[in-house]
Amino acid sequence: MFIVDYIKDIYGAIRSLLVGMNRTGYYFTHHKEIITQNYPENRLELNLPERFRGEVVMTHDENNEHACTGCSACELACPNGTIKIINKFDISPEGKKKKAIDTFVYHLELCTMCNLCVDACPTGAIKMAQTFEHSVYNRGLLTKQLNKPGSKLKAGVE
Amino acid sequence: MFSLESITTIVQNWLTKTFSPNLALFFEFVIVGVLAIALFAALGLVLVLMERKVAAWIQIRLGPNRVGPKGILQSLADTVKLIMKEGLTPDGSDKFLFNLAPFIVMMVAMLALAPIGFSKGFHIWDINIGVLYVSAISSVSVIGILMAGWASNNKYSLLGAMRSGAQMVSYELSVGLCILSIIVLTGSLSLNDIVLSQQNGWWLFKGHIPAIISFVIFIIAVTAETNRAPFDLSEAESELTAGFHTEYSGMKFALFFLAEYINIFIVCAIGATLFLGGWMPFHLGTWEGFNHIMDYIPSFIWFFGKTFFLIFVIMWFRWTFPRLRVDQLLNLEWKYLLPISMVNLVIMTLVAIQGWHF
Amino acid sequence: MIELIIWKTDYTYMSKEEIKTAISELLPTAVFDETGEWLNVQIEAGEWKDAALKLRSLAGLSFNFLFCLTCVDWKTHFTMVYHLRATASLDDIVVKVKLDREKPEIATVSDIWRTAELLEREVYDLFGVIFLEHPDLRRLLLTDDWVGYPLRKDYEDPINMIKL
Amino acid sequence: MVEEIGKTVEGDLIINVGPQHPATHGVLHLVLTLNGETIKKVEPHLGYIHRSIEKMCESLSYRQFIYSTSRMDYLSAHINNHACALCVEKGLGIEVPARAQVIRVLMDELTRIASHELWWGAMAMDLGAFTPFFHAFRERETINDIMEETCGARLTMNYNVPGGVMADLHPNFQERVKNFLKLYKLKIHEYDELVTGNIIFQNRMKGVGYLSKEDAISYGVTGPAARGSGVSSDIRKLYPYEIYKQLEFDEILETEGDSFARYMVRLREMNESIKIIEQLIDNIPDGDFQAKTKAVLKLPKGEFYQRVETARGELGVYIVSEGGTTPYRIKFRSPGFSNLSALDHMARGGKIGDLVATMGTLDLVIPDIDR
């Protein structure tokens, strides 16, 4: 019967719409389901996993010493030329010339956080930090020097 | 009992006493105009914020919560932003019509406000063909939209405007038929009389199933007539970017935006007046005690409560349903809503003649 | 605990020999190469269109799915590489067509496999191979006024290319 | 009017959809030829996000090039990496430890679910329903958190290396995945309530964007889009790689060929992925997570082709090696590119709203198309 089908159609349609409205109505009244995070306010509670890759940093200990020998393995491993290592020659106490790092240049704006440099580093001098708020007003600030001024190679690292 | 009627009477008496009748009338016009504009501004702010909050809660978000306490100044900030923005007029557009269109839409929304009774004895113009007036005026707004779409010199705008034209013209029919089914019961076109006829119960409850059917159809049809989702084909964000107001910016866009919300308010106010008794408190037949308690709630609270409930329902639709396609939209009207409301009107007439309603 | 096997490379459902016999009947001039994962069929550029039609309508082993179309620049010549699959039996073959580097022209197969239409436009865009009788041979990815064909080995672009 | 479809005549409306348009999800540019609202022709203009990854890869080593492929189909970044890693392993003949295989497959399936969640929300948004988008993100966020904890990033994971995975699973991994499974099962019925069962949605999808089985094969359509037309094209079943042979899951096939069929394929596919994860999550074998490889990888001279099933279809990695440390030529057979070529055929004769629905169910990711 045409008219029966017609009414059935309407009934089914209205029912399907009410099911949807029931669901949205549930969320409208149940505010505990809200998943929004208040980002700048909860900055202190933010708990980023230790593997999160935010930027490359070089670890320095309390004596301002790092483990980077300037072997440029990271520079070779990097797919987009993010890292540039400038070496200098130190004169060791015995009077021998020794290669050491002068500047570890890191272009954050080119970095894709692929972790290849950290994997490639034979001495574990660099690691990934969990920082993620990288916005700056001047693009020049994104080019960073990772070894702190005045730092030197940790004893015993070859 | 607090009533707005007493305030209007005091003002009226003072004006007629102090000034000559013509001058008094003029001052009344000014007061009404200022009040109407103030209502518009307030409604715009409140409804935009309400929409955003409703959307946010349905979408398990928090919604605006930065500007002012709990974000209540958000829409004010938006308004300031829109006022500060440059109102662009695109090259190749019909400049006169392009700039005129938002004002037409806005004026239509303002005019339709006239016969609505906000509270007991509180309306701008108690015209005896109130319902007819509102439905006549509200169909003018399609001209504004067509004008905007045509004058923009943009194909998206044109498509949006054409869709809007087809949509509004067809949905007006079922809105009219639904209104008629109540007119049949009341026998009057005056909105005030319709409210007064619901003294002993609202038509939604008194009119049996036909009234409920026409209420549902009315809500669906006015949603379509105000271009609200799921019938927002004329803006259809994912299809036509922004439809007829693609090229508008700044205050001209804000006028369209405001007019949309004012239109929602007006159609919901009409719906509340026709089906839910307008400012009439909730009365239950002969339960005197209950009716007295209900009377203690001021009538304008009843009116705004009902209207905002209907607005909420329309917002609820918007944030739940996907959009219809343009041919389905017309199918829905011509194959479902119109035949049903016609049959419904016949049944309603039978009910009214036989006096089967309460 | 589920059993785990070591990953293996050969999943062809029909042996290369069987496909080879089936195809060599059809295309007597084709040269076969079985060193790779799949059977490689070398076809002359002039015969490609006929061969494609035959491969498409091969009874029982219709290679109806062109799932990869590309070109390789060997500095001396181009090689068009067509990866074909028979969806009924899930057998794959690779068809290779050598092209002259100075005048790279080959018949289009966009009427045989519709997917080739965009893929050929891409190859035209990046390699400059002309597909004869292609319905709409224009640049696809690059702008219309781009000079040169970037995936050729001798392409130089001092501004956009960064040499590591 | 009908016979004129596909031919431009005077008076036709020509509209540019994109490169900036809400429905194209990126910088796809479609030129529509319309007759009123009816579509006569759809012409895609590509290249707005073309970065020539294939050319770039020619100067990157076999370890390095894997990471650039995350930027192709960013929603199934892990699966792209997986395909590249598999192809390099095929060339080198490396045996991947069992643990690494299981980890990779687990991550693949999580990525697939995350991608389909995003597609679901985005497609509902294309059709004008905004709410599902946020609801889909609730579940997707959980997956992203799992990824972040184990792989170190949320979207472009860079977790695959030739020979295995970069790091071992995080100790919390199993627990968090199980929590996700619980959440998923709690919420999946809402997808039907909000979208699938909705009468407006069904009317928008059914009979729209029809693609027959023959056309699907001819246009090279793969993935859920092809399976909606009844073309068996799940690489995990047809040419199983890694441990998919030992897993129990179904290839979802629908035969209607319309947008609704494609929609249902994706929705049901998520359940199959859940099934795979459930089989594996308690059965992760012990052992190394990475095979021992040389520091500098050199593929032997030859050609290597590896295909995997991404969330969008068949991704092929074709490496031509001359025996050096970098690939001589590399070609990515991206699923989106071939799927896009069928769009014109599917959209013709429909309305603009149908185009949006069709595009939504093809699940186009523009960087995947342009590469």
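All chains are identified by letter, namely A, B, C and D, in their written order; residue positions are counted from 1 within each chain.
As a convention for this text, a contact is a pair of C-beta atoms (placed from the backbone, for glycine too) under 8 Å apart; a residue touches a chain by one contact, two chains touch by 3 or more.
No experiment lies behind these values; they were computed from the predicted model shown.
Taking the definition of touch as given, a chain qualifies here only if it contacts chain A and chain B alike; those chains are D. Remark: among chain pairs C-D and B-D, C-D carries the greater number of C-beta contacts.
Of all chains, the one whose Cα centroid sits at the greatest distance from that of chain D is B.
With centres taken as mean Cα positions, chain D sits 25 Å from chain A.
In this assembly, the C-alpha centroid of chain B lies 45 Å from the C-alpha centroid of chain D. Rounded to whole angstrom units, the spacing between the C-alpha centres of chain A and chain C is 40.
Residue numbers of chain B whose C-beta contacts span two or more other chains: 58-61, 319-321. Shown for chain D are the residues that touch two or more other chains, namely 60, 131, 138, 194-195, 198, 200.
Of all residues in chain A, those that touch two or more other chains are 17, 20, 23-24, 35. Those residues of chain D that touch chain A in the complex are listed here as 60, 63-65, 67-68, 70, 131, 138, 141, 148-153, 156, 158, 161, 166-167, 170, 190, 193-195, 197-200, 202.
The residues of chain A lying in touch with chain B in their complex are 10, 17, 20-21, 23-25, 27-28, 31, 33-36, 38. Against chain C, the residues of chain D that register as touching in their complex are 44, 46-47, 50, 52, 54-55, 59-60, 86, 89-90, 95-96, 98, 101-102, 215, 217-222, 231-233, 238-243, 245-247, 279, 283, 285, 302-305, 307, 314, 316, 318, 320, 328-329, 331, 333, 337-338, 340-342, 345, 370. Within the complex formed with chain A, the chain B residues making contact are 54, 57-62, 65, 316-317, 319-321, 336, 340.
Chain contact summary for the complex, chain C toward chain D: residues 1-7, 9, 11, 35-38, 64-68, 70, 72-73, 81, 83, 87, 90, 94, 113-115, 117-119, 122, 126, 140-143, 150-151, 161, 163-164.
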